[in-house]
Amino acid sequence: MTAGGGGPVAAEARGAVPPVLTVEDVGLSFAGVKAIDGVSFAVAPAELFAVIGPNGAGKTSVFNVISGVYRPQRGAVTFLGEDVLGRAPHRIAAMGLARTFQNVELFHNLTVLDNLMLGRHHHFGYGPLSALLWLGRARREELAARARVEDIIDFLELAAWRRHPVRLLPYGVQKRVELGRALAMEPRLLMLDEPVAGMNLEETEDMARYILDIRDELGIPVVLVDHDMGLVMDLADRVLVLDFGRPVALGTPAEVQHDPKVVEAYLGGAP
Amino acid sequence: GVIRGDDEEGQKGTVTTGVTNDPCPIPVDRTKGCIYLGTISDLTSGPFAALAVPITQAQKAFWNRVNRAGGIGGKYEVDVQAYVRDNKYNPETHNQVYQEIKDNVLGLTQTLGSPTTAAIIADLKANSVVSAPASWTSAWEFEDVIVESGANYCIESMNAVDYAVETYRPKTVMAVHYAGDYGADAAAGAKIAAERNGLEFTAVETPSGATEQGRAITEITKNKPDLVILTTGPADAAAVIGQSAAAGFEGRFIGTGPTWNPALLQSPAAPAILALYEQSSPGRPWGADTPGHKAMRDALGDVTPSDGYTSGWSWAYPLKAALEKMVAGGDISRKGLLNAVKSLTTVDYEGMLPPEAGNFSGDPDAATFRQTLINKPDKAAPTGVTVVRDFFTGPTAQSHRMDGPCFGKL
Amino acid sequence: MLEVRNLEVVYDDVMLVLRGVSLRVPAGSIVALLGANGAGKTTLLRALSGLLDVHDGEVTKGSVLLDGEPVHGLRPAQIVRRGVSQVMEGRRIFAELTVEENLRVGAHTAARTLAENLDRVYGLFPLLKQRRANVSGYLSGGEQQMLAVGRALMSGPRYLLLDEPSLGLAPSLVGQVRDLVVEINRQGTTVLLVEQNAPMALSIAAHGYVMETGKIVMDRPAAELLADDDIKEFYLGLGAEGAARSFREVKHYRRRKRWLS
Amino acid sequence: MKGVLESLIRGLGNGSVYALLALGFVIIYKATRVISFAQPAFMIAGAVAVSHLAQVTGFYAAVLLSTLLIAGVALAVERIAIRPMVGRPVFVVAIITLGVDVVVRVVVNGFIGLDVRQVGDPWGLRPVEFAGLAVQQRWVAMFLTTAVLVTLLFAFFRYTRYGLAMRAAAFDQETALAQGVSVGTVFALSWGLAGGLAAVAGTFVGTGQGVDQLTWIIALKALPAIIVGGLDSLGGAVTGGLVIGVVESLVQSYQGDLAPWLGQNFAVVTPYAVMLLVLLVRPYGLFGTPEVERV
Amino acid sequence: MTVTRRARRPAGRPLLYTSYSQDMALLDTRAKKVWLGVLLGVAVLSSGLPDDLLILLAGAYVAAIGAIGLNIVTGYAGQVSLGHAFFVAVGAYTAAAISGDPGGRVLGFGITSMLVWLPAAGLAAALAGVVVAPLAARLRGLYLAVVTLGLVFLGEHVFKEWDHLTGGPGVGRPAAVPELFGFRFDADSALGTRAQSLYMLMLVLLVVFAVAARNLARSRIGRAFSAIRDRDIAAEVIGVPLTRYKTLAFAISSFYAGCAGALLYTITGFFDPGSFNLLMSVQFIAMVLIGGVATVSGSIAGALFITLLPRLTQELPALLPFVSGDTTQTPNVFQIQVALYGLLIVLFLVFEPRGLFGVWIRARAYWRSWPFSY
């Protein structure tokens, strides 16, 4: 899969290879609140799939269901051909599902470096004993991991912050670190929850660039949630629109953008 | 490596570890040398602080009097103030502070508590550091370096039971006691005596803490024993006696020495105590009329009377005797002191205890002192008790063979 | 009028974050404060509402004047009582309290006007009214953001400091928040608006400041800022010819503009 | 049967003391998320203060004075040692309270002296006949006093804005400050109340058997009580206290016969056993609010 | 990856590394190497101190091992445990029983070699840790703290009842025998006094345990612990199994505690079931907090501070002439000693909540930014 992957590529991919992720008729409610109500979609390899919708529409909840944080009352979730519903989050992560969080969920007292290294947690094979002794295996694996992490640090231009505890970093940088942590997992699918919220234009543009590179050059499919329409409409191959947990529209940016339901439910007349 | 402990002997003025030719820090007579004795006691936060404080104070007064009376063999005065340490009733702490002072003292005029002393006994023996314990557990009968005074808890409660048998003809005896060297020791004595007198015996171990006595009280009121041998602390004793009586119990209580505290007569349990309680003890109370007691009262001046003072004071006599013997013998050293102790068969307690109480020679069984007293509560008396039965040895104690600490036998 | 004079703020006794910032928020106006991440905007707001020492930060130089009286060094509670109230960055709602309880806490200093303020906020955010009894920690990000803004209004402040209020809000809501700010301001509350969404901020502000690494680098009427080429390029995302750039065109190695350095 | 009831009533009596102590812990926890290990010291201080004052002013006045006195002491401690810690990790603060406990207790021991001190309460060990049961008056007194105090507290937290302010401050001090909540005042308030409650509890602990240098240990009983009830629930504290008291009392009376294999004096640890059992079922105690977490 | 891997000098790092292994080394800076060298030197030299101090320090070193253990579960993994005393006890009794005299009053198997009883003690405690972990894993913050406290009380009860093992309260039992290849560390020997041998033994062991802990901390496991502490949901979502790691944390921490317990009483040679109480747990917590959370060096500093404090406070009253040595008066020296102990802890934490480590950080930060005062 090579660069430039817009709609057609994805379409072709959908035809050719089985989807990376499928969500079928998922329903989730909390004490009366219907967070998700019959949502279905599929993400093709190397597709850049966006989910948008008003606040409280259920976007984050969908992410939480897929990554195993919430257990839906109904529906099915298949990742890389396996049914992952009800699996513990860490096992789903080990399968290669990485995500970022809407409100940055970094490990605040750890340095950027450690946060990224943690992304690689399930790639390590050594156990407590060799950890205590720091002999052969532990040392070897740690060095290797460090090398991969440094690549990401270069890629995301985090070198300057390498040793800083993330809690002291500006919000924008924290978001980048979180992306880095997800990349360090060497994911088969990347889910980004509002990656550019609270960023100024410059940073938004950088983030856009990173997302495109990840998809185009690493060929990692991405599910993107954000309220920045400029970003979503420019980057996404396909867009799913939710409202009150229900799917309102699904299609290419061009299609949904002019869908009156979407305009009325979501876009409003805002800048 | 250097072996420490005796290299101070090289220093000028030092005769041996803990003995100098220079006068004491607070001398009566500057021409005399000084013998240093250490004190390791429960002075602040531990369970026995209330007793330990007066004990320590009394011993200070005791040695002060000795010094003013010309010291030891006219050659030395005794200092017990330079090396006083707080053990918080914790074995590790006890050991730590002991390590701190051990190279500066000839012996210990007080080492309080059994588990605490056990944490240093090995070292005491290794360096033959003669020490006076501040507890009457039967374990001390079997340690040469420990110079205890007065009968141990085990004997004390044997006598208590025998006394009760004569006086109240009980059929059933219950020992309500703390765990360990104090409580279990007394309970064991009571058990032995009960068996010898063919009485039905039960033991109820109770934790410390006034609200924890519920079980003891229930056991007492449920089984209604004719006699309860009580081996706890004062507050708990008040709870047990008071509430059992409130619940209609009418049997007798006899408490072991440390169970008593004069303030119990101000407690709500006072009526019950006056009605049902007697108290055994290894020595005569504060108010007793003997030269020793009188000397003590004069020496201490106007303090709130407490038999902590009485015990502390009387415990010091054997050490005084041993020191005099050592100085007379000329071998002024820890070994010398230990030999002096081993050769003591009697000690002059100035009437506080019979001279035989100070027998430290021969085998433990023979040397064990077996006389105790029984007191009854008395609002008029300074420490709230007066003697009803002076020093006596009950048949059980008489015939009992001391072949190991009692608390092991419960 | 809220005025900051040559303010210097240091964190942990060592990290100098504000290097002599000065700005004025005239009573009754809306003032926008733009700036890259880490510029020090939040720090400035902390200084204004007396929350620095919670972060081991302190004002080492300069002063903050509220209607001419110095207020730096006052305790936060006192500052709130004087009518300055802040919407903190990152929502910071009391997750374990219900929506309504959150609002009540917001009204801690204005118990008398509680009822009317409550109606006002529910009027502005019907969604909150629906969720009034829900535990706020379970609200969605945007819902929490509304709650944060609503809570700040509960003390009926004269000066409202907003730290990125549109963060995480759906476009339609961003519009609402903008109108809301205008409305609040019309009702007589002075607003200092920290925003990453520059178009939104400048579209309603009378005056704008741009902050870079602890210094104010631009201080112009909003209209002028909107016209400024740099602002156009770096905050509004408009190409030179004035049309919005597509994110796909953005070059990774694009030159970075810095006003100083 | 009679035995069971009497044992039960004794349990309720002691339980209501635990409840008072537990309330102190909970109030401080509600406002600061800290378990104050200084409570035992305040408790014993209260009892000792009463035992001295009672001789001059009589019992009831003494209790009132001592309550105010200890509340004052608590306030001072809070101002000096706790207030500077606003925004600090709670466990650091917890250890500080521990240091405070040590200091206060040493001072108090000085006032206890060698003897057991009596608080001079009017009830003594006198029982009242009560449906054929001999019930000690002091237990009735404890129970009633606790009931009254609890009602007052509930009213306070219900009808003033401080209840809410406390929870807010506990959850996020900075944000609470930003809402104009004076976290300092909240802290002071909670410590003052807790100190006062401890003093009352201490007095009751002293009734019947007096106070000595070890009495403070009883205060630790409140810890399992607050866990059983839920760390941040006033109602929970009361329930927890009573449950612990009753179970303990019943175990004291019957475990010896029913389950001797548990060893003598299993009663001493029953509070903790109960606590563990409750937690197995409810990780936040009976009434504690679960931690809110979502991503 | 798009960018090829380069071991180049990373921007913004003051120090130049030519390889990651250098950068990831325990002592990554010259300063650290020097400091450690100096400290170890001092430690070794101080074996010339008077015996009583050596005994005290030996105790402090053992305490440090325990504190490091607590720091692993509480400092790194964020699971606050007041149950440390219990695990210490398990270790102490395992060791004592294994090396105890078979014919004696209390349980003993007569295997005196440290090589046997030290690991055994650690493992026994670790096992206990694994047993409580499942419950602990469900609890949060202070709930966990108080539950683990309950563990201490339950343990105390068991140890007091089980007098065949413990000798019973107020009586106690002899501790483990520190014997290695026939050499007795608890007796004067050609190599030095009892105190000196014990001191060196504990020093060496402390170094071993400390290095191991540092390794753990910088490994995947240490990182996973910190992740759980900072944000457990996020940790799980990036692939860290919570329960498994919480259990692991308890196991390792308890292992340290067990070893500390086994060693601690070889110094006094004797111990009593009353010792393993709330106070002990609390002292360990204090060591961790005063030293600095989640730092090994901090734990050691904290242990030294707490263990030496009483000795210090003993000397202080001597400087205050007005207080009397008369134990019946208030205030007397002994009360002041205890009060000072509490007071110093309070003062210290009020003025430096981040602990001794915080002091060091401040100093360093200041130094770093020198000559600029910010």
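We just call them A, B, C, D and E in the order they show up, numbering each chain from 1.
In this text, a residue touches a chain if its C-beta (ideal position, glycine included) is under 8 Å from a C-beta of that chain, and two chains touch if they have at least 3 such contacts.
Note that this is a predicted model, so its numbers are computed, not measured.
With steps allowed only between chains in touch, the distance from chain B over to chain C comes to 2.
Closest to the middle of the protein, by Cα centroid, lies chain E. Relative to chain A, the chain whose mean Cα position lies farthest away is B. Each chain gets a centre from the mean of its Cα atoms; for chain A and chain E, those two points are 42 Å apart. In this assembly, the C-alpha centroid of chain B lies 38 Å from the C-alpha centroid of chain E.
Annotation: 50 Å between the Cα-based centres of chain A and chain D. Between the Cα centres of chain D and chain E there is a gap of 32 Å.
Looking at chain A, residues 60, 69, 101-103, 105, 213 sit in touch with two or more other chains. Residue numbers of chain B whose C-beta contacts span two or more other chains: 44-45, 53-54.
Multi-chain contact residues, meaning those touching two or more other chains, occur in chain D at positions 106, 109, 264-265, 268, 291, 293, 295. Remark: chain E residues 80, 135, 138-143, 145-147, 149-150, 153-154, 156-158, 161, 233-234, 237, 278, 282, 285-286, 289-290, 293, 330-331, 335, 338-339, 341-346, 349-350, 353 touch chain D in the complex. Within the complex, the chain C residues that touch chain A are 34-38, 89-91, 127, 134, 138-143, 145-146, 164, 167-176, 178, 196-200, 203, 234-237, 244, 246-248, 250-252, 254, 256. Here chain D touches chain E in the complex through residues 29, 33, 35, 37, 81, 84-85, 88-92, 95-96, 98-103, 106-107, 109-111, 220, 223-224, 226-227, 231, 263-266, 268-269, 272-273, 275-276, 279-280, 283-285, 288, 291, 293, 295, going by the rule given at the top. Chain contact summary for the complex, chain D toward chain B: residues 3, 6-7, 10, 14, 17, 105-106, 109, 113-118, 121, 123-127, 134, 136, 205, 207-215, 217-218, 221, 248-249, 252-253, 255-256, 264-265, 267-268. Of all residues in chain C, those touching chain D in their complex are 49-51, 54-55, 75-77, 80-81, 85-86, 88, 92-97, 101, 104-106, 108-109, 111, 135, 137-138, 151, 155.
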